[in-house]
Amino acid sequence: MRIMAYEALDFYDVDSLLSEEEQMVRDMVRDWVDEEVIPNIEKACRDGVFPDEWRVALGEMGVLGAPLKGYGCPGLSYTAYGVICRELERGDSGLRSFASVQGSLAMYPIWDFGSEEQKNYYLPKMASGEWIGCFGLTEPDYGSNPGDMITKAEDKGDHYLLNGAKMWITNGTIAELAVVWAKLDGVIRGFIVEKNDPGFSAPEMKGKHSLKASVTSELVFQDCKIPKDRMLPGVKGLRGPFSCLNNARFGISWGALGAAQACFNSSKDYAMSRIQFDHPIASYQLVQNKLAWMLREITKGQLLAYHLALKKDAGTWIPEQISLAKMNNVDIALEIARVARDIHGANGILDEYPIMRHMANLESVKTYEGTHDIHNLIIGRHITGIQAFTRNA
Amino acid sequence: MNIAVLLKQVPDTTAKITISEGKVDESSVSKWSMSPYDEYALESGLQMKEKTSGNLIAITCGPERTKKMLTDAAAVGADILVHISDEGVKDSTHIQKLLSAAIKKYEANVILCGKQAADTNGGSTGPGVAELLDAACVTLVSEVNYSDGEFSTLRPSNTGTERVSVNGICVFAFDKGSSELRRPNVRGIMMAKKKIIESITSGDLGVDTGSSNVKLDSQTPPPEKAAGQKFEGAEHVSTVVSKLRNEANVI
Amino acid sequence: MNFTILAETNGDNLHPTTYQLIGAATSIGSKSIVICPNGIATAEAANIEGVEKVISVIGDCFDIFDGGAWAEALNSVCEGNILVSATPNGREIGARIAAKRSIPIIQDIVSISEGITVTRPAYSGKAIETLTISGDAVITLRPNAFEAANSGNDAPINIVNQSADIKISIQEAINQASERLDVTEADIIISGGRGMGSIENFSQLEKIADIVGAAVGASRAVVDEWGMPHRMQVGQTGKTVTPSLYIAVGISGAIQHLAGMRSSKYILAINKDPDAPIFGVADYGIVSTWEDAMPALESALLELQS
């Protein structure tokens, strides 16, 4: 009568430290993922679609823009936001990407840097899931180096004119609005572009081997005309997009654990059932070594993410701390997925098991929101005071 | 209209049970949940509350940990949360007396519950409470509707299903309901957190639990299953069928 | 010592469980006073060994099933320890009589011994409870867990007129072919795999399912290749099920299928290949083609029912 409820690895009982509210939010999302996502994700992945029912359900549950307060937003803790990301990504990284982009990259900049009119106009409908948002920072030739972007906005008196292109934009093709970062007189500003604005198009990028259940798009601005009231007044320069990325990265540090836990659970179940040479492979030392290593890394990652969440909620965090958690947890999650595939043997390549889907997804997660190497250098600069990103001084 | 829903918290039906020293080790239960059939009763109660603009009173009798289940019920819309301490409860008579007293205290017009709890698989509470309230009882229902002072319900019959109607106070014990169970949402969770749980004891209800004719001697694991038995040929089918009845007790 | 036995009927006859109640009483050296609602099958009851007397209760209230009315009418002639079948009606009437008499009820016992000591499953069968009863109680007995008493007696029959107020009314009967249970709800599942040969042959499994009230399941191969509905699929990408009995017919037992049914309480495997992996997890295995096994299974189950 009931489906087998998912139990996540929690070796050091970190979840017992969550508040009652955070645990109830966790259970709400976990049950929904069990009932609606797990049975349908492989087909969504094969078909390359993000099911619209999931957008509706996320809106109804009230988890979009989780840590934002006011304007119809949930007003939960950052810890709760992390928990939501973890539970979603246990299902699929593409699903969690939808929520990250909507909440941290599209709703957040309007919430923090928008005018009152913009907040009242956009945020309630985004919180309910009625309007989808996306975030336009990365360009075809400007990824790790967003500061030198060439998308530009010109002040034409009664409107702005945007020209340029953005790439790798989650939700772009299905979004009602995009928060686009472009240079106005050489200074990076945020602009809200709506899907029907003249000169704007958002073609889908096809042929992905990763995040297949997520929509990835280009944003193309060809003399794109937007009204004057669409600029975000509250921020100039890279601080704008980087603030958004910090929030998203925080969510990802929790999310990656969800994928890792899913791979661990599947590996453990498989190893206990798969008989070879008359014994379950879980009885062989090399397999136990792999499972124990997975448990070790997941446990460390959980403690990292949880402590970071406390600091985020207390306001005592610095961006480098977020870089560390994002980088570490995604890195170990990808390794865990690879080792999980090994434990599953040939069966691991079938979509009967979630392993290679997680593995392929995590390649993107390791790259977006700051590549692994970039976060490494962020920490290196923090330690030494010397930036090693570029050859320039 | 006051709708009472009787809820029981049980080890999640997918959780492993550890037994040590002749007793189920409650501290080892990894997950506690609302008993599955009670969930259908709660969903039906919430639909009835919405249609009649009534109050839904969620009542449970159990230890401290059961209060969390009441908060979960509040997150989907329960209005009043009542926790009765199970101190001194030794058998079905005590539980039923406590629940009936609470139902009377909150002046319920109708009582909804699951057909049986997932831990005891007993099914005594609904009919027993009905008896103590001198109320009608219909069991194994899949839905309950209310209109113009009359409750209308569906229950199984020898030929399929039958529609039964009841006037006056009644207990409905739910089998799997026809409605989907609603999910909580963040707003519900945040409001539920603020909801006060009314905590009462047998003394508050004027119920003397007293002694009992029944004593639980022990809880033990089921007997170890015998090793698998293999038979060659369909002529052994009837032997196996007898074993399914007499050894395994599954048919 | 006497036990009060509430007889359960099936049409004009006693339900087989009534014989089991009397057998259980006899097994601990007790005589039975059998109460027959609505005067049905009193002669049959008087004929059972171990019966001291039969009380036939006649009343209007027995025309429809209102547990409260039945309990009130029958309670008037109950005394001491009361045995009832743990059928849906029995559980309800038993619970009401217990509450009325302010005595405890113990539901669904599977054994009884002097003392009185009883055992019953709990936590969906994950634990067995042993209880001692030291006074009056209502006890319901799991059907088919006790030896039936024999016939060959001639007990006296008393007739009592006793009715009670009915508080419910039947509005309409909705006669429908009862839907077969879904695999996730059923306590018994019979599943077929590639070994069934074709989707048409599943009708053989459906016949068995109808006899025992089981759900019908399928392996992934059957769903993918023969178009069986996906909701019937048991396995890694289908449903995970935990029935009391899982009957796997023509299923080899690949790891993906095992993932979905491994936690079944009991597994019966029927496969013509003696080396099929499914036999490794089966409690009972029969090496046979389904063509031979299904008719044998059908007749064995029908015989058990009668």
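All chains are identified by letter, namely A, B and C, in their written order; residue positions are counted from 1 within each chain.
As a working rule, a residue touches a chain if its C-beta (ideal position, glycine included) is under 8 Å from a C-beta of that chain, and two chains touch if they have at least 3 such contacts.
Computed from a prediction, not measured in an experiment: that's the story for all the values here.
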item: Remotest chain, chain C as reference, centres from CA atoms; value: A
item: Geometric centre: closest chain by C-alpha means; value: B
item: Interchain centroid distance [CA atoms averaged], chain A/chain B, Å; value: 40
item: Cα-centroid distance, chain A relative to chain C, in whole angstrom; value: 51
item: Averaged-CA centre spacing for the pair chain C and chain B, given as whole angstrom; value: 21
item: Multi-chain contact residues (two or more partners), chain B; value: 13-14, 176
item: Shared-contact residues (touching 2 or more other chains) in chain A; value: 1-2, 4
item: Residues within chain C bordering two or more other chains; value: 185, 242, 280
item: Chain B to chain C touching residues, read off their complex; value: 11, 13-14, 16-17, 19, 24, 91-93, 96, 116, 118-132, 135-140, 152, 154, 157, 159-166, 168, 170, 176, 212-223, 225-226, 228-238, 240-245, 248-251
item: Complex interface listing, chain A residues touching chain C; value: 1-4, 42, 269-270, 273-275, 347, 351-353
item: Touching residues on chain A, where the partner in the complex is chain B; value: 1-2, 4-5, 7, 20-21, 24-25, 28, 31-32, 60-63, 66, 74-76
item: Residues of chain C defined as touching chain B within the complex; value: 66-68, 71, 88, 91-96, 98-100, 102-108, 110, 117, 121-137, 142, 144-145, 167-178, 185, 188, 212, 242, 244-245, 265-266, 268, 274, 279-289, 292-293, 296-297, 299-301, 303-304
item: Residues on chain C engaged by chain A in the complex (per definition of touch); value: 184-185, 236-237, 239-240, 242, 255-256, 258-259, 262, 277, 280
